[in-house]
Amino acid sequence: MKIDFFFQYLLSGLTRGSIYALIALGYTMVYGIVKLINFAHGEIYMIGAFTALIVSGVLGMYGVDPVVTFMIAITAAVIYSAAYGVTLEKIAYKPLRKAPRLSALISAIGMSMFLQNYVLLAQTSDFLPFPELIPEFEFLDPIKSILSTNQFLILVTTAVVMVLLTILIKFTRTGKAMRATAQDRDMAQLVGININKVISITFVIGSATAAIGGVLISSQIGQINFYIGFIVGIKAFVAAVLGGIGSIPGAVLGSFVLGITESFGTGYISSDYEDAFAFIILIVILIFKPSGLLGRKTTEKV
Amino acid sequence: MFKLSEIKKSLLTSLWFMFLTFPIMVLKVNTITDTVEWRWNNLAIVGVGSFILSFVWRWALDRKEKGGSKKESSGQLKKMALAKAIQYKMPTLIVIGILLIALPFVASMYQTSVITTALMYIILGLGLNVVVGLGGLLHLGYAAFYAVGAYTYALLYFHFGLNFWIALPIGALFSAILGLAIGFPVLRLRGDYLAIVTLAFGEITRLVLENWNEFSFGPSGIANIARPSIGVKMRLPQATILIYFIAIAMVIFTIFVVNRLENSRLGRAWEAMREDEIASQSMGIDLTKAKLLAFTLGAVWAGFAGVLFAAKTTFINPASFTVWESITVLCVVVIGGMGSIPGVIVGALLFTLLPEFLRGVSEYRMLVFGITLVIMMIFRPGGMIQKTRNVYKFKDGDIK
Amino acid sequence: MKRFTKLFVIALALFAAFSLTSCKEKEAPTIKIGVAGPHSGDLASYGIPTIKAAELVIAKVNAAGGVNGSMLELVIEDDVCKPEVAANTAAKLVGDGVVAVIGHICSGATKAAMGTYLDSELLAISPSATNPPLTQSGDYPNFFRTIAPDDAQALVEVEFAYAQGYKKIAVLHDKGDYGKGFAEFCKALLEADNKAEIVLYEGITPGAVDYTAIINKIASSGADAVIFGGYHPEASKLITQMKKKDMNLAFLSDDGVKDDTFIKVAGEYAEGVYATGPMDTTSNPLAKEALKAHQDEYGEDPGAFYLNAYAAVLALVNAIDVADSTEYADLTKALRSNYVDTPLGSISFDAKGDAIGVGFAVYQVQNGVYVEL
């Protein structure tokens, strides 16, 4: 009995970690290239979920087949999130590229508030039930009570995204351009890289992963509202920092550490302090490794 | 007047925004009632609005690029002009002083109450200014110190019946201890890591207050906290006025101390630390001491403000001390003018009084607030009243 | 000089504009009633129906000639359910010269405002603040409410659990003031009676990305029933995931969940859920009339606490009428000594301020509708 539940907590932790990972990847990629904490990233996640809800609602009215609806809804979520991400960058971050970090952070906070209230006013403050878009996979039926289709899908998606991203960064030309821009923006410009395009691509990828996460987790929980982005955003940010912000494997590792800590903390200690566990583990790790688990020690030129 | 390329750009921008906001602004799906609503007039508003705004935006950005070079020289001129106009300073201060003293007797209880809240935010802003503005340490957990001050008074009153005046220094002391406790782990952290850890500490404090019922009464909070008294039994209007004057006294005290700190050796060490940590270390500044002192001293003001807050609202609960509270104080500092005392004062007034003004359009308040932050950062990053450095000019005869 | 003048001018402008906005209006002989609650932000859906109820009652009364020869007027102020804002809102209402306040909505905000009202000798009738100390502590003799307090609700819930024969109960809450308070009362009752065992007592985190950890914990505790204190979003998340994992536990909750929105959101998973709520009064003719009035005026069904607010305003108007005055002492006496017909039945108020005639019952979701048991 005990072993069974230990395994369940582990699985919960991995699921949580996967969700945090999908969003933390966006945080870490943007930070790596623009050295900016995109506080509004959580809102992109929320907008992705809302877009999927709206699109599937409209298609459902016209009696479109559920599987097709799912495909269209998730595509729409990805496209719109990417669009919002790029627009966000052009309006609020691009003018501040040369400005001190604090200014860009405040600007990000401002956009976060703006987007939250934008969705609140344009839609509703209620919790809206999220449609059951994801069909149940029959081959999972025997272990349904341990691993639901949703959980399975989340784990698989995260793994796939991580692999694809690593391939992109390591083996493609765009990836090289991204790495160059991250290392030294001015030099990259001098050697002919179009950094505006690189930055936009980064935001597109980050937002797209967040949108996918949004649709998957909203299917699992079953409800969305305008505020879900904020809390998830902070946790994912903690995960990214924990793993070493700027490092993609770090973001994923940090997310899983966070997810598992929370899950076991809830299971074996208490759910009251669930959020506190996340913050405590962050502080503990940063005390011993100030740059995060996989963070690179940057040497500063004097 | 309007070039064709400009019009084409704006047209494309307009189309882009119409596409972008289509699902959220035009469609309204309610999965509870299973309805879909199409709001085409929103599309038109977005289209026209973005067309016009893109012109304005581009003009503003262009102006910013061109105006940059002029700004640097005007800073020096400003300070010298200020020195020359010292004879204007005294009368201005006296007039402000008279207004402040007369205010609570002229205005209603509600207005006095709101101005008192503004004064508390001035204290908070000045305290955070020490950490962020002078020290350059990005602190996103300031509300924790605020909470400690408030809960110290509330709990001391509840368990021991201690009055406001005794609780004031004790609250500040406990906040300072927490500041020290937070300072230690973050010594080695830089920039954004520091920000997230301070945010984490702020949240942990709030979570403990919310969940440790035996200690802090949890989410229900603590009610019936006594107002400050000077031995005489007071009705509410008099008590409000008393609190107002206490707040004024604290603000003056804070301004005085922070001003002295700024111009002291410690203040200069902080500014050096902010500009370049490694250079300041090589100049012999003890970074550890400077950072710890920054956190501790900054926390003291939040402690004072916290005690005052508990006494004023007579009821506190953890929901008043969330990360949004920390962010609000940070915005007061940054938007008002980082590092500049008058700037922080203006920032606090703006953030407290403007929402009261906008009660009529309170729905859009947060929306406007958010976009204002963005615009302020792009077009006026130094804040409303920027910090000017002290410039000393030597006349020929001075140097012997 | 430039920098200083700028500061001075801005500060002066703000002070002046602020002070001048409260210029005295023409004095008209109306009786002012304050309505306070969250009218903007994410909790607005709890405060706006109270405004609508007050508006409809006032319109009806004024159409019949007002009260004691004077027309009624509403002064509506927003407190966004935050205690510090509520204290300022209270000061504003006092300054506006209201004779009484309908509100506040959230218990925390109410607590913050009551001190101000007590000092200024104003009474407040809340349609929704259920925190027991507001009346039980005796600190606020000027506080009344048209909803039963949480400890009464907890009693009904726990008695029902015993009646159903549950032996192992998991008590959960959403860590909020209302939910945790309710759970604490249930816990105290269960521990005192010793008829059932509390196998789990924890708070879930609203807004978390994943609830499987706590659901597993419930499953591993061996409970046969869950008592949940909180609101419908969290409740529907819990019940959906519990049912998906084929957990066959009884789910009992409070009136934050006894809401049609819960059924709509949880869908088929809401079947069989128990919730306590105010006794069913929709068959009451006044209730029907109040609902119809809302439908006619606003074209939709009313939201939370509408009938409670309607009853509160009716009780206040009745008290003004019967006492033939708007003095605090007269009104409070009238409220406590008279019964008034409202959509909630014929109610009065006891010495502490709780409503007499308003009680709780247990409901169950059967075929997609809450049915009183």
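For reference, chains read A, B and C in written order, and residue numbers begin at 1 within each chain.
Please note the rule applied: contacts are C-beta pairs under 8 Å (C-beta built on N, C-alpha and C of every residue); 3 or more make two chains touch, one makes a residue touch a chain.
Please read all numbers here as calculations on a predicted model, not as lab measurements.
K.L.:
Quick check: more C-beta contact pairs in A-C or B-C?
P.N.:
Between B-C and A-C, contacts are more numerous in B-C.
K.L.:
Measuring between mean CA coordinates, which chain is farthest from chain C?
P.N.:
A
K.L.:
Give, as an integer number of Å, the spacing between the C-alpha centres of chain B and chain A.
P.N.:
29
K.L.:
Once you find the CA centre of chain A and the CA centre of chain C, what distance in Å lies between them?
P.N.:
Averaging C-alpha atoms per chain gives centres 37 Å apart.
K.L.:
With chain centres defined as C-alpha means, what is the inter-centre distance between chain B and chain C in Å?
P.N.:
33
K.L.:
Among all residues of chain A, which ones touch two or more of the remaining chains?
P.N.:
Residues 126, 128-129, 272, 275 of chain A touch two or more partner chains.
K.L.:
Show the residues in chain B shared as contacts by 2 or more other chains, in ascending order.
P.N.:
Where chain B meets two or more other chains at a single residue, that happens at 32, 211, 363, 366.
K.L.:
If I count partner chains per residue in chain C, which residues reach a count of at least 2?
P.N.:
41, 175, 203, 261, 264-265
K.L.:
Within their complex, state which residues of chain B touch chain A.
P.N.:
Against chain A, chain B makes touches at 16-17, 19-21, 23-25, 27-32, 36, 42, 57, 61, 64, 132, 138, 185, 188-193, 195-197, 199-201, 203-204, 207-208, 211, 278-279, 282, 323, 327, 330-331, 334-335, 338, 363-364, 366-367, 369-374, 376-378, 381.
K.L.:
Which residues of chain C touch chain A in their complex?
P.N.:
Interface residues on the chain C side: 41-42, 44-45, 175, 202-205, 207-214, 216-217, 219-220, 232-233, 236-237, 240-241, 244-246, 261, 264-267.
K.L.:
Would you tell me which residues of chain C are touching chain B in their complex?
P.N.:
My answer: residues 1-8, 10-12, 14-15, 17-19, 21-22, 39-41, 77-78, 80, 82-84, 87-88, 91-92, 94-95, 107-108, 111-112, 115-116, 119-120, 131, 133, 139, 175-177, 180-181, 184, 203, 261, 264-265.
K.L.:
Contact residues on chain A for chain B in the complex?
P.N.:
31, 37, 47, 50-51, 53-55, 57-58, 61, 76, 80, 83-84, 87, 91-92, 95-96, 99-107, 109-119, 121-124, 126, 128-131, 234, 237-238, 241, 245, 272-273, 275-276, 279-280, 282-283, 286-287, 290-292, 300, 302
K.L.:
So in the complex, which bits of chain A are touching chain C?
P.N.:
These residues of chain A touch chain C: 1, 5, 8-9, 11-13, 15-16, 19-20, 120, 125-129, 144-145, 148, 151, 217, 220-223, 225-228, 231-232, 235, 259, 262-263, 266-267, 270-272, 274-275.
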